[in-house]
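Following are the structures in question.
You will see two complexes here that share chain A, one where it goes with chain B and one where it goes with chain C.
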Partner chain A sequence: MSTGSTADTDRPKGLLERLPFVSDSRSARESLAGIGFASPFLALFGLFLLFPLAYGFYISLFNWDPVFIGQSEFVGLSNYTRMFEDPVFWTSLTNSLLWTLMIVPLVITVPLVLALAVTKDVRGKWFLRTVFFSPSMLTVAVVALIWMQLYEPTYGPISYYLGFIMENPPNWLNSHTYAMPAVVIASLWGGMGVNFVIFIAARQGIPERLYEAARLDGASTWQMFRDITLPQMKHALLFVMITSLIASFQVFEIIFIMTDGGPGQNTQTMVVFLYEAAFGNQNFGYAAAIGYVLFVILFVISVANYYLLEGYTSRVEGEVIEGDTNE
Partner chain B sequence: MSDISFESVRKVYNEEIIAVDDFDLTIEDGEFVSIVGPSGSGKSTLLRMIAGLEEISSGTIAIGDRPVNEIPPQHRGVAMVFQNYALYPHMNVRKNMSYGLKLTSDLPKDDVRERVEEAAEMMGIEDLLNKRPSELSGGQQQRVATGRAIVRDPEVFLMDEPLSNLDAKLRLHMRTELQRIQDDLETTTVYVTHDQEEALTMSDRIVVLDAGDLQQVGTPEEVFEQPANLFVARFIGSPTMNFLEVSYDEGALVGDGFSVDLPAAMADRIETGRSGSGLRLGIRPAALSIADETDECRIPAEIDVVEPAGSDTYVYLERDGAELTVRTESSTEITAQGAVEATFDVSDIHVFDIDSEQNLLLDEGEDVSIEATASSASSASKT
Partner chain C sequence: MSNETQYARGYEIGGIEISKSQVRSVVLHLGLYGFAGLFLVPYVWMASTSIKPEYLIYDSSPHWLTTDVTFEWYRVILFESPVVSWTIATFALAAVGTLVVVLVDSMAAYALARLEWPGRRIVMGIILASFMVPAAVNLIPIYAIVSELGLVNNLLGIIFPYAAGVFGVFMLYQFFKNIPEELEEAARLDGFSTTRIFFRIAVPMQFPAIAALGLFSFIGLWNSFLWPLIILQNEAMYTLPIGLVTLETQEVTDPGLVMSGAIIASAPLLILFLAMQDYLFKAVALQGTVK
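This part shows the complex of A and B:
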C-alpha cells in the first residue's frame, strides 16, 4: 500500500529503496525489517544446521579422511548400500525402535500421572514436585553412575533386597533380557522432570471452572480426564511426544556409560552404532551415512507423528459427544 | 421445580475463616432470589454450596424435600451459569449444550438434539450451534451458557454474576432476557450479583449478605424502602443514602444547625429502641430537595457540584466536610449558588442507632434472622 502523500513521493529515495527489488511501499519496508530481525537466527540456523546437514551428506559419499581431507576417496552411495547390508545396522535400528517403544510411552504417561496427582491439593505437593523434578538437574553421567550402583549385582541395593525373595537376582546390566529395560528405567528417572514440569504448567492452565461445569454436567473423574484434561493439554502432549520421540532415537550417553551397547549388541542403538563407526572404526564416511539415515528416519517419524496426533486430538475433541454433529 | 431451604448453614475455611455463618432461609418454588453483598460477603460460597461445589461445614441445605448435603452436584437437579461462562473451549455450542444431557440421561440422540435446538431457539442462538466458544462474542457466550443450563431442565438455576462481563448496554438487554426466561420456565432461580441495581430490577426477593452474615431478606421495595440496618441502607441504592449525625431530644432529632420534629409514633419507637450513644439520620437522595422558605425541615449546606445526568440532576452539597446528595428531575432548574438549604419529608427518613446499627423505625427491625424467616414465608408470590 502506497503511503500516498506528496511529501513522501517527492523526497529522494534512500539507498535501500533504489534497489530494483525494493519498492517504497510500507509492506516491503516491513518485510525487510522482518528479514533483518530474523537474519541472526537464520545465519546461525544455516551455519549450524543446514550446512552440517549438507556437509554430512557430502561426507557420506566418501571414504572420508578427517586429517587429509584431500585424500578422501569418493565412493558414491556405497556407504549406504554397505550399511543396508550390515546386520549390525539392522540390529541397531531394531534396538532403537525397541528403546523408543519402551521409553516414549513411559516418559509421557509417568510424568503425566505424577503431574496430575500433584496438581491436586495433596499434602506435601511442593515436596513431591521437588522430588519428581530433581533428577533432571543431574547430568546423564551422574544418573548413569547412580543406577549402575543400584543395579550392581553383588552389593547393589536392588539385588540385595531381591535376594530376600529370590535366589539369584538378575545381573541387570549384563542380562540379555533385562539390560535394556534397566537402562530405560534409569533414563526415565533422569529424563522425565522436564516433561513433568511441562505437564504441571499445562494442567494449571486449565480453568477450574471447566471441571466444576463438568461436575455439574455429571462427568466422572475419568470422563473429566478424557473430555477436559486431555483435549486441553493436547498441545503439551503433542510437544512432549514429538520431542521425546526424537530424543529417544538420539539416545547415546546413558547407554554408552551403562552398557556400552552390550551385552553383545543388546543395547546398541543407532547413535551408539554411529559412534562406534566414527570413533571406534575411524570410518567417518560410513558414520555420516548412518547419521543421514537417522536424520531421514527422524524427519519422517516427526512429520507423520505430528499429523497423526493432530488428527487424533481433533478426533478426540470431535468425539467427546459422538454423533449428532453437523460440522 | 423446587424450593430451597437453608437451616443453620455454616461454611468455615481452614477452621478459622467464616464465609457463611448460621444462615437460615427458604426460597420458594419458582422464586427469583438475588443474593447481593460486597466482595467476600459469602454470596458465591452460598451458591456453590447449593450446587455442591463447596462442602457445607454444618447445617442443612435441602432442595425440595431432599437434604442435599451428601448428594453430588450432578444429582441435585441444579444447573449453573458461571461468571466466565465456563464453556468447554474445544467443543462447539451444540456439544457444550448437550454434554450434560448425554452424561446424565438415557435420552435417545434425536431427543437430545431436539432439546438442544429448542433451548437454542429460546436463546436465539440457533445459528451458532456449530461454532466454538472462541468464535463467539461475550454476549453470545452468555446466551450459550444460559442455554446449557436451560437444556437440562433443572429444578434450580444458579447464576453466579452471569452478566458482569458484559458491557452496560448488553447487560441491560440480558437482564430482561433472563427475566423473560425465568417467567416462561418458572424455575427457582438463585442469582448472585454485587450489582444492587441488577438485584433490585430482577428479583422477587433480595438477600443481603455481609461478611457471611445475613443482613436482610425482602422484596426489592422492602430492602430499598425499609433497610434493616446501616449496612443495607448504605449498600442498596445508588447514589447511596445520605447520613447525618443527630441526637434525640424530646420528640425531635437535633443535628448541627437543624432540628426535625417527629410524629409521636416515630418518637416513641426511637425513644424505646435507642441505646443512648447517638443516632444517624438517613435520607435517600431522591427524598431530598433544595428548600424554599416555606419548608419545615431544612438542613443548611453549600452547593459543591451540580451534575446533570440525563433525566436526573445530582446536586452535591457540602456541610462541615460531609457530603449530601440531592437527586432531582433534570427539569428542576438549580439557580441557587453557595449557601442553600436541603429539605425532606419526615415520612422519608430512616433513623439508625449508632451502636446496634439497626433501623429504629422498622416494625421488625430487632432481629434480622427472625425477619428473614418471616419474610421468606410471607413474600413468596412473584412481584
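This part shows the complex of A and C:
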C-alpha cells in the first residue's frame, strides 16, 4: 500500500508513520488526504446505499412498524412465503416482464434508427436532434400529464382522430388491453433521448474509412449495418441495453401517475406493487421483502444480459475478422 | 467482392442510379421530418391547452390553434396555487443537491484515482459492484433511515440518498485518472498541498466533466419524483413534479391549469437545454463511452 522512499527513513517517526501501512511522511500525508477526501462521499455511500442493503433484509424479517420500531414483530421469512402465495405479486411480476418486453426493444431500436438516420447526410440535423431529445428534459410527471390529455376519451385528440377509422376508439388508459401499450408510447416519447444521443456519439465514433472500404467491396447497406455499424457500436449497445433493462424493470413514475396500476391491476408493475405495499397498506416489512426479490431478479437479468451480449458481439466481430482474412 | 456491384452506387453510371440515391434521400427526409412532426404533437397540445378557454378545451373536436386566447390558467396557477413555492423548493433541491454531489463526488473520485491510501482498492471495488444496486430496491430501508434521522419533510432527506449514488464518482474517476503524473509531481515539488493540487490543478483540468456531472444532477434532481413523493409530506414543501400531479388528482381537474403548470415546470429546463445543447449532448454521450 505504501509508496515508501528510502530517502527519509532516518528521520524519527511520528505516530501515524508507525502504523503498519504508513512508512514515510509523504505517504502518511497522502493517506490522510486520501481518506479525508473520500470520507464525505463514503459516509453518504455507507449510510444511504450499503447499510440499507443489509437493513432492508433485516426489515423484511419483521412486521415493521416505521414509527415505533421497537414494536415491530419478528416474523422470520414469512413475508417471503406470503409474497409467493400472493397473486398480486405474480400479476406484478408478469406486468413488469410484459412492460420490459414492450418498452426495451422500442427504446433501443427507435433511437438507434433515428440516430443512424440523423447522422446521414440530412438537412436540419440540429433541429431534428433537438426535437428527438428534448422530451427527455421534461420531468416524467409532465410527460405523463400531457399524454393523459392526449388519451382523454371525450375531448382528447387521439380518440377523435381514431373515431374516423374505427367505431369505438379504445378508452386507452381505462382499457385492459390498451392501457399498457398506451403508457409504453408515452414512456418512449419521454425516455428515448439519452439513448438517441449515445447512439449518435457511437455512430460518429466509427471511422468512415471502414464504410468506404466496404463500399469498394460492393457491400450492401444491410451488410454494412450488420458487419460494421453493429459490431462497432457494441459498447454503446451493451450499455444502453443493460441500463434500459434495469430501468424498465424499475418503472414507477409514469405508471403511477397515468394509471396507478389500473385498470384493475393491469399495469401494476413491481415497483408500483412495492410502493403500494409500503405507503398504501403500511406493510413495510412486506415491501422490503419485495425490494429484495426485485434485487435478485435484476441481478440475474443484468448478469445474464452481459454474458449473452458479450458472447454475441464477439462472435460478430470474429466473423468480420475472418471475412477480412479470407480476402 | 464482384465487379458488377462495385460501380452500382456510383454517380458515373447514369440516370437511374442517381435518381435512386435521390429517392433514398427524399424518403429519408420524409421519414425523419414526419417522425419529428409526431414528436412535436404533445408539445403543441400542451401549449394550446394552456391558453384555450374552457369551452374549447372540452370540445370533442380538437382545437390545435385558437384565436380565442386566454391567460386565465396562468393567472390562476401563479396566484391561486402554491406553484411559486413549489418552484422555489424545486430550485433549492436541485441547486443544493448539485453542489453536494459535485463536491463530494469529485473529492472522492480524486482520492480514488490519484491518492494512495489504505483500503483504496477495496473501496473502489465496492463502489463498482454497487452499480448493480437498483435504486428501487433500497426504497424501504432508506425511508426508514431518513425518518429515523428526522429528515422527513426536509430537502436533505432527498439530497443525501441522491448523493450516495456512485455514478458521479465512477465517471470522474476516469477523468482524474487521465491527468498526467508529471503535472502532479511538479506541483508537489513546488510545495503544493494535496488540497491545493486538487482545487488548482485537478478540478480546473477536468472541469468539463465535473460540469457535466453537475448538469446531470441538476436535471435529475429537478425532475425527480419518487423520492420527493415519499419524503415530502406537506403540500407547501412539494416540488413541481409532485405538486403538478396533486393538481391533476384533485376532484375538479382543469386541463388548462395542469398544462400551464406543466409549462411552468418545464420551461426552466427546456431553456437550459436550448442554451447548453451542444454541451449537454457531449455530456450525455460521455455516459455511453465511459467503460
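Convention: the second predicted complex is superposed on the first by the 277 of 327 C-alpha atoms of A that agree within 3 Å, B and C clash if a C-alpha of one lies under 4 Å from a C-alpha of the other, contacts with A are read in each partner's own complex, and residues count from 1 in each chain.
What we mean here is this: a contact is a pair of C-beta atoms (placed from the backbone, for glycine too) under 8 Å apart; a residue touches a chain by one contact, two chains touch by 3 or more.
Note that this is a predicted model, so its numbers are computed, not measured.
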Exercise. Looking at the overlay, what does A:Ile228 touch: chain B (first), chain C (second), both, or neither?
Worked result: first
Exercise. With the two structures laid over each other on chain A, which partner does A:Glu167 touch: chain B (first), chain C (second), both, or neither?
Worked result: neither
Exercise. So, does A:Glu85 touch the first partner chain B, the second partner chain C, both, or neither?
Worked result: neither
Exercise. Which partner does A:Glu212 reach: the first (chain B), the second (chain C), both, or neither?
Worked result: first
For this session: Mind working out whether A:Phe48 is in touch with chain B, chain C, both or neither, as first, second, both or neither?
Result: second
For this session: Count the residues of chain A touched by chain B and by chain C, then name the partner with the higher count.
Result: C
For this session: Go through the superposed model and pick first if A:Ala236 touches only chain B, second if only chain C, both, or neither.
Result: second
Exercise. So, does A:Leu145 touch the first partner chain B, the second partner chain C, both, or neither?
Worked result: second
Exercise. Both chain B and chain C contact which residues of chain A?
Worked result: 215-219
Seminar exercise, completed: So, in the complex, the side of chain A touching chain C is made of residues 1-3, 21-22, 27, 29-38, 40-42, 44-45, 47-53, 55-56, 59, 64, 66, 69, 114, 117-118, 120-124, 127-135, 137-150, 152, 154-157, 160-161, 189, 194, 197-202, 205, 215-219, 235-236, 239-240, 246, 249-250, 252-253, 257, 270-271, 274-275, 278-279, 284, 287-288, 291-292, 294-295, 298-299, 302
For this session: Under the touch definition given earlier, write down the residues of chain A that touch chain B in their complex.
Result: 207, 209-210, 212-219, 223, 227-228, 231-232, 317, 320-321, 323-327
For this session: Over in the complex, which chain C residues touch chain A? Could you list them?
Result: 1-6, 8-9, 25, 28-29, 31-33, 35-36, 39-42, 45-46, 49, 57-62, 64, 103-105, 107-108, 110-112, 115-118, 120, 123, 126-127, 130, 132-145, 147-148, 160-161, 163-166, 169, 194-195, 198, 219, 222-226, 230, 240-242, 244-245, 248, 255, 258-259, 262, 265-266, 269-270, 272-274, 277, 281, 284-285, 287-289, 291
Exercise. Contact residues on chain B for chain A in the complex?
Worked result: 51-53, 72-75, 78-80, 82, 84, 86-92, 94-95, 98-100, 102-104, 109, 112-113, 129-130
